[in-house]
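Pasting the structures in now, so scroll down.
What follows is a pair of complexes built around chain A, which joins chain B in one and chain C in the other.
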Partner chain A sequence: MDAFIDALNSLGQGFMNLTWEAAVMILIGCVLLYLGIGRKIEPLLLVPIGFGVVLGNLPLANLGAQDQGGVINLLYTAGILTEIFPVLLFLGLGAMIDFGPMLANPVVLIFGAAGQFGIFITLLLALGLGFVEQEAVSIAVIGACDGPTAIYVTSKYARELLPAVSIAAYSYMALVPIIQPPIMRGMTTRKERETPMAAGEKQVSQRVKVLFPIIAGIATILIAPMGAPLMGMLMLGNLLKESGVVGRLVDVSQNTIANLVTLLLGLCIGASMLGGNFLTWDTLLVFALGFIAISMDTVFGMLLGKLMRVLSKGKINPLLGAAGTSAFPMSARVVQKEGQRANPRNFLLWHAIGANTGGQIGSVMAAAVMLAVLSGLGIGPLA
Partner chain B sequence: MARETIEVPITGKIISVAVKAGDTVKEGDVICMLESMKMENPILSPVDGAIVEIGVEPEQVVKPGEKIAVIEY
Partner chain C sequence: MDWSFGLTMTFAGMGITFITLYLLTLLIRLLNKLFPFKNGEEKKGKT
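Up next, the complex of A and B:
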């Protein structure tokens, strides 16, 4: 009889050890699952993250990312703390990206640089709010509009902020179609948005497409070696795709690696969102600063777009400035939609995609610059 | 009456055509959906008018400059 009662007691241990913070987090996990499954918002990310949150917060399950020896802890340690997951994800991204529109019209690359300015503004704000340098850099990189880059930098320098930064980065990437349009409309007159541009499709030779990842990989890594793992994998993936001789490797990079890493990355990030480290004031600040970072990317992109319109004597539509973020292809789609809304004859997609792929390179470069500054100042990772 | 030809802006595939010859359209109405760069893009009417000719059909692969429709206004 005693053994039976002990067995019943042990069955209820989970309920007995459930804290209010864990219960709130499980609820948050279920909300993420609802958004992913019910509303189909970024399901590839939200389903594994949401279920990871649920698993990680269940008491005694030993499935939190920080639960030493647990299955998810092993994945978290091997994949995120070593930075392997974000780096592998860049291999898959490289194999999916077509740099053709950017190569056909390299001037749009400048928008990819302007789309990173929010990072630097947010860095100053975060420092002003009392975050230490490593945390401030990690938060600011949300402005790269690029989940893997944000995870890469944060896992390197401020692991405590990893759950908040990664969720904020992915959330704001998904919210680009909501965040950018009001800023774009607010900063331009209708006449500016109507600026007609030829659709501009131009083909570049296959030789150029093959040479680009090799030359860009070498040049960007020589300029900013701290971003080498991300840039190296991005360019390797792109070279596989453009070489035309390794179809099987392209397939495995685009599908197997990208999908597997997305699943495990999402699961680990979700399981690292525990009540104790997520339900904090800092998390709210991270979200607020991330929002500022992405908004400022758009503001600076639009300012450059307006300048380019003047310099080109009205030949460049200023909306293109908003496509310089790394949120691919969301920003390009927003620019296309806003341009067409102002003038049904406008079709800015080709130019916007070029600027958007430029933004992907720009975000890695910006992150590498941040890491180089930290390194130059002799600032190491937070313990 | 003036006529305006709507041309394919970018290489892609026509997914659907929303109008037929004889239909009246308003500026901003969808003429057809063009799939390009893994996105579905509406091609819009630039003016209020009547469709006098349609040059594309669903599943057709199209190149820049090809005729989508002619509108009389």
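Up next, the complex of A and C:
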């Protein structure tokens, strides 16, 4: 009889060890699952992240990202702490991106630089709020509007912030259609938004499309070698696509690798969101600073857009500035929608896609430069 | 707050990002001049 009662006791251990923090996190995991499944908001990310949060916070399950020897801990150690997952994701991204619109109208590439300004404003704010250098850089990279880049930098320099930074980065990427339009409308007159642009579809030689990832990859990596893993994989993926001779590799990069890594990355990030390290004041600050970062990206992109409109004597629609973020293709779609709202005959998508792909390159460059400066100043990862 | 770190990072980060992307625009223009699109290319070269 005693043995039977002992057995029953051991069955209830999970309930006995459930803390309020874990219960709150499980609830948050369920909310993420609802948003992904019920509301179809970024389901590819929110479903694995949400379930990862639930699994990681179940007591005694040994499925948290920090639970030594657990299955998810093995994936987390092998895929995130080694930075392999974000790097592989860039391979898939490169294989999906079409640099054609940017190559046909290279001036839009400059918007990709202005779209990173929020990173540096946020860096100063984070330092002002008392975050140490490595943490400030990791939080600021949310402004890259680029989940894999944010994860890459944070896993290198401030691992304790990884759950908050990655969730903030992906959340704000998904919220770009809500965050950007009010800023775009507030910073432009109707006349500016109505500015017509040629429909585009200018053709680019296939040789240029093949040569660009090779030459741009070499040049950018020589300038900022710290970003080599991200830039190298982005350009390799694009070269595979544009070369036209390795269809099977393109297929596996665009689908198998990108999907598998997204699944495992989401699961690991979710399982790293534990009550003790996530329900903190710092997490709220990270989310607030991330919001400022993405808003500032849009503000400075719009300012450059207005300047370019003046310099081009009214040939460039300033809305394109908002597409300089790395949130691909969300920002480009927002620009198209706002452009057509002001002038139904406006067709900005082609140009906006060019600026948006420029934002992809700009975000990796900005992150690479920050890593290089940290390294140059002798600042290493937090212990 | 470490202003020297923040300002170094801001100026170096923004400056180098801008310069790099500007250099890339020049590179793309050069490539487009060296290899202009020719009619009929799309049919044989498209991936």
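One rule holds in what follows: the second predicted complex is superposed on the first by the 383 of 383 C-alpha atoms of A that agree within 3 Å, B and C clash if a C-alpha of one lies under 4 Å from a C-alpha of the other, contacts with A are read in each partner's own complex, and residues count from 1 in each chain.
In this section, contacts are C-beta pairs under 8 Å (C-beta built on N, C-alpha and C of every residue); 3 or more make two chains touch, one makes a residue touch a chain.
Just so it is clear, the model here is predicted, and its values are computed rather than measured.
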Touch check for A:Ser10: first (chain B), second (chain C), both, or neither? neither
Under the stated touch criterion, which partner chain does A:Ser375 make contact with: chain B (first), chain C (second), both, or neither? neither
So in the superposed three-chain picture, is A:Thr189 touching just chain B, just chain C, both, or none of them (first/second/both/neither)? neither
For A:Asn259, is the partner it touches chain B (first), chain C (second), both, or none of the two (neither)? neither
Examine A:Arg345 and indicate which partner it touches, taking first as chain B and second as chain C; both and neither are also allowed. first
Between chain B and chain C, pick out the one touching the greater number of residues of chain A. C
Which of the two partners, first being chain B and second being chain C, lies in contact with A:Phe120: first, second, both, or neither? second
Examine A:Ile353 and indicate which partner it touches, taking first as chain B and second as chain C; both and neither are also allowed. first
Quick one: in the complex, what on chain C touches chain A? 1-2, 5-10, 12-14, 16-18, 20-25, 27-29, 31-32, 35-38, 41-42, 45-47
Spell out the part of chain A that touches chain B in their complex, as residue ranges. 98, 199, 201, 329, 333, 336, 340-341, 344-345, 347, 349-350, 353
Residue set of chain B touching chain A in the complex reads 9-11, 27-28, 36-39, 41-42, 44-46, 64
Give the list of chain A residues in touch with chain C in this complex. 102-104, 106-107, 109-110, 112-113, 116-117, 119-120, 123-124, 127-128, 130, 133, 136-137, 203-208, 211-212, 215-216, 219-220, 223-224, 241-244, 250, 358, 361-362, 365-366, 369-370, 373, 377
